[in-house]
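Following this message is one structure expressed as structure tokens.
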Amino acid sequence: MTIEDLQELSEQEQQRQSEKKHRILYCSAAGCVSCGSDNVSAMLKTKVKEHTLEKECEVIGTGCMGLCGEGPLVKVQSDNILYQNVDEVTASQIVESHILNGKRVEKNICDTSAPFFASQTKIVLENCGRINSESIDEYVAALGYEALGKALTEMQPHDVIEEIRKSGLRGRGGAGYSTGLKWGIVRKAHGEQKYIVCNADEGDPGAFMDRSVLEGDPHRVLEGMAIAGYAVGASQGYVYCRAEYPLAIERLKLAIKQAEKIGLLGNRILESQFNFRIDIRIGAGAFVCGEETALIASIEGRRGNPRTRPPYPSEKGLWGMPTVINNVETFANVAPIIRNGSDWFSKIGTEKSKGTKVFALAGNIRNTGLIEVPMGIPLRKIIFDIGGGTPEGQEFKAAQTGGPSGGCIPNEHLDLPVDYESLLAVGSFMGSGGLIVMDSTSRMVDVAKFFMQFCMDESCGKCIPCRVGTRHIYGLLDKISKKKATQDDLTLLEELCVMVKETSLCGLGQGAPNPVISTLRFFRHEYEQLLQPVETYLGGEVEVADFEK
Amino acid sequence: MAIKTLTIDGDQYSAQEGETILTVMRQHNIPIPTLCHLEGLSTVGACRLCVVQVEGIPKLLPACTTRVEEGMVIHTATDKLKKYRRMIIALLASEGNHVCAVCVANNHCELQELAYQVGLVRVRYPYLFPKKSLDATHKEYVMDRNRCVLCTRCVRVCDEVEGAHVWDVAGRGINCEIVTGLDDAWGKTETCTSCGKCVMVCPTGALFEKGVTVAEMEKQKGFLKYIITARQKKEWVSFTDGQ
Amino acid sequence: MLPNMSLQEKSQKTAHPSGDNRFKLLDRAITKHQGRGDSLIEILHVAQGIFGYLENDLLIYVAHAIKLPISRVYGVATFYHFFNLKPNGEHTFVLCMGTACYVKGAEQIQNALEEHHHCKFGQTTKDNKVSFITARCVGSCGLAPVAVLDNAVVGKLTRDESIKRVEQMRNSVKATEQTVQEVVV
């Protein structure tokens, strides 16, 4: 396939779509599937057939439409009407009343002018919920692979890197390192073979952004990886996807096959000299494997133990070779940047944090689901305008970002602009984008204990501070929550937290104390309320170490 | 090889490019506690005892894996570092079942030695009293998991030096254990050559020779250097323990 | 395990016990990965897909086939929570304990289930019908609290609903002989 062929394919598909009078889209992402979108889509298809509408009307499964809490979602694209909470009855009404008679099914219409939709800026999710996630043709018709074509024909590898660097794109997997700089290091590093790895381990409990991108628009990630491969001189890529996402794995496999078939992956891509293959590696239930060096160990078939850095994977990664490791969302930003130019991208966001960020809204919030907002948007806007506040109007207490390595942000910091630096400044962390809202019913000690149990269970056990330290921090939190602890225990807890944070080997241990530190910072009284006054404390002194010779 | 100059605790030293901070410190007899590190085995940087502060770097770095760089200014014994080291040893003490008075390695134990070195007097963390197993199925040696500190020296020496890879770490986190085969009896594994290297490198009384009693198990680590020098340089130098 | 036998005999012995053609499927996957040691995790996935869980003999078989030390295979199999070394009950109830589900009351569901069905999470009911398992975020947080019942995600769970679902599972008649799925990774 040449660039011209790609162009033609795109036009053909656009033509095909425009010949249809109606496109009925239903969300086939995990959220809606679990509320029964399969039955809904079956009904839609049956009805379309029953009324012999196949010629003018197609029924298509798409990626996540965003408002997961109100699923299943169905959209009549031609009229731009979104239906929520669709069941089989509504589905048949959509065909028989809306499509056939032009009469909308009012009771299920979702107001798309509401802030949930209106305040979003979509780059990563531009195709999610709009195209058939299993069709490469539809992706191509939506300007897919144009950026890869542009890179291969009009740009030198270092131009690509320069463009990404100038765009200000930073890693979306947590730490926010400049993607362009990372690629530049790998390009310069010596190695006969170089690798591109897409980190789709998304272990942060409470986050499902990467999953939605992989399920809804898998080609976008593949395209981003291929562009990275061209930029740094790699010919092999891996997507490391967690095993808990079977649908994402299936869609990825299909997408890779499709792209290989028409020469967008494999040898001599778009008839250039560039070869690039992508394989999938499946995780096996270990959060720590999201850490880049553990991820490498896991791809190499070993226990997912992190190792000390340097050397960084950009110098010594997979099988000791220079390796780019980026998050799913990071790769998903690459094609639009190459297509539209770095200036376009860097106009969005704040001075240091460019572009958009996808968040998964969950917890005690009215609109749970997936959103994409420009960097720098105030947290208040996300929670109250887009998220609609707490469901029954309970008092908002805190928002948690950054998962088990992150922190809580209380009411008084709600006007904080959401970007890497501001979040760090209040002791939280961008993380991959899980945003959990807690209301007045949540006890912060329990929240901290919950996260610490997570870290304790997920610690790989390699280094002592994390392996044993998280166990004791958990024990102390448990003691506090059961009202059995004293002021001394609280002091011990604080000391341990700082020590584990500073001495642990990898990001898991270094981040594990954050939820405790941050809840102590903003909700210390909740801890203190639970402490025993010293006098009534009856527990014995802990035994003295028996290291006597 | 380029020469790098660096400052350690206020004094200037020079080092070869590629050397670790620990190597330089050992060359100049600057004391620093280590546990997972053992000359002759690969470094894992896992015990975190040897962490040092390098000016200009916000994170603490393990001396055993960090390579020297020109102009590094290193602090190895600040109050904070000393405190952290005490805490690490205390964590280890609370994690296992260490009863020195009845241990075969009493007086010859690196953990005990480290506790003295870092000045640990009291463990403030509750003892976890884990239920650990003792494996006495091997005809010459015993493995007592109660005393294991998971330094993985035995795993590494068996894999890297003896080449048998009898041992490995199983489980995860606080439940990690050193096992042979499918966590079955050591005596049953067909791969163990009974060379005893794991026993000799074990810092504690977790691995010991059958028949020894309290405080009798002395470990000779000199053989490692001997073998490695012989392999790499074809030089068979005298085999006396440096200690 | 089979003591007093050479490794080779052992692997031949375990190769096709009773002409089990499931091993053929496994062999095919191993060949596809050219018997490379670094494909261990891929192969364990396939093995578990075929056999349901990773029995000791199976681990030994894999170790020999890709020429890895047995302790290393065991170390990997016990590191990753996705791998089961013991068989599950007939049905599985996987309760999500991720943040979103926790905030929405997953713990109460856990307590209710444990109390009502006299079975702790991490264990299987006495009648061997249902295994209670916890998971860390199944990625449907928008529908929290969430559980995966025999591979189907169920969202917005309540305590009563989950107790009822488990009762249904326990009352169900034993499924007919499970068909071997072809698992190709």
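Side notes on the structure shown:
To keep things simple, chains are lettered A, B and C as they appear, and every chain counts its residues starting from 1.
To be clear about the criterion, contacts are C-beta pairs under 8 Å (C-beta built on N, C-alpha and C of every residue); 3 or more make two chains touch, one makes a residue touch a chain.
Quantities reported herein were computed from a predicted structural model and do not represent experimental measurements.
Comparing mean CA positions across the assembly, the chain most remote from chain B is A.
Distances from each chain's CA mean to the overall CA mean are smallest for chain A. Should one ask which of A-C and B-C has more C-beta pairs in contact, the pair is A-C. With centres taken as mean Cα positions, chain B sits 39 Å from chain A. The distance from the centre of chain A to the centre of chain C, each centre being the mean of the chain's C-alpha atoms, comes to 26 Å. A separation of 36 Å divides the Cα centre of chain B from that of chain C. Within chain B, contacts with two or more other chains are made by residues 169, 171-172. In chain C, the residues that touch at least two other chains are 72, 75, 79, 81. For chain A, the set of residues touching two or more other chains reads 286, 303, 458, 460. Residue ranges of chain A in contact with chain B, taken from their complex: 286, 303, 307-308, 310, 456-465, 467-472, 475, 492, 495-496, 499, 502-505, 510, 542-549. Of all residues in chain C, only 36-42, 44-45, 72, 75-76, 79-83, 97-100, 102-104, 135-144, 146, 152-156, 185 touch chain A in the complex they form. Contact residues of chain B toward chain C in the complex are 159, 164-172, 179-184, 188-191. Interface residues of chain C, counted against chain B in their complex, comprise 1, 3, 7, 56, 59-60, 69-72, 74-75, 78-79, 81. Residues of chain A touching chain C in their complex: 30-31, 33-35, 68-69, 71, 202-208, 211, 243-245, 281-287, 298-304, 360-364, 368-370, 400, 403, 434, 436-438, 442, 447, 450-451, 454, 458, 460.
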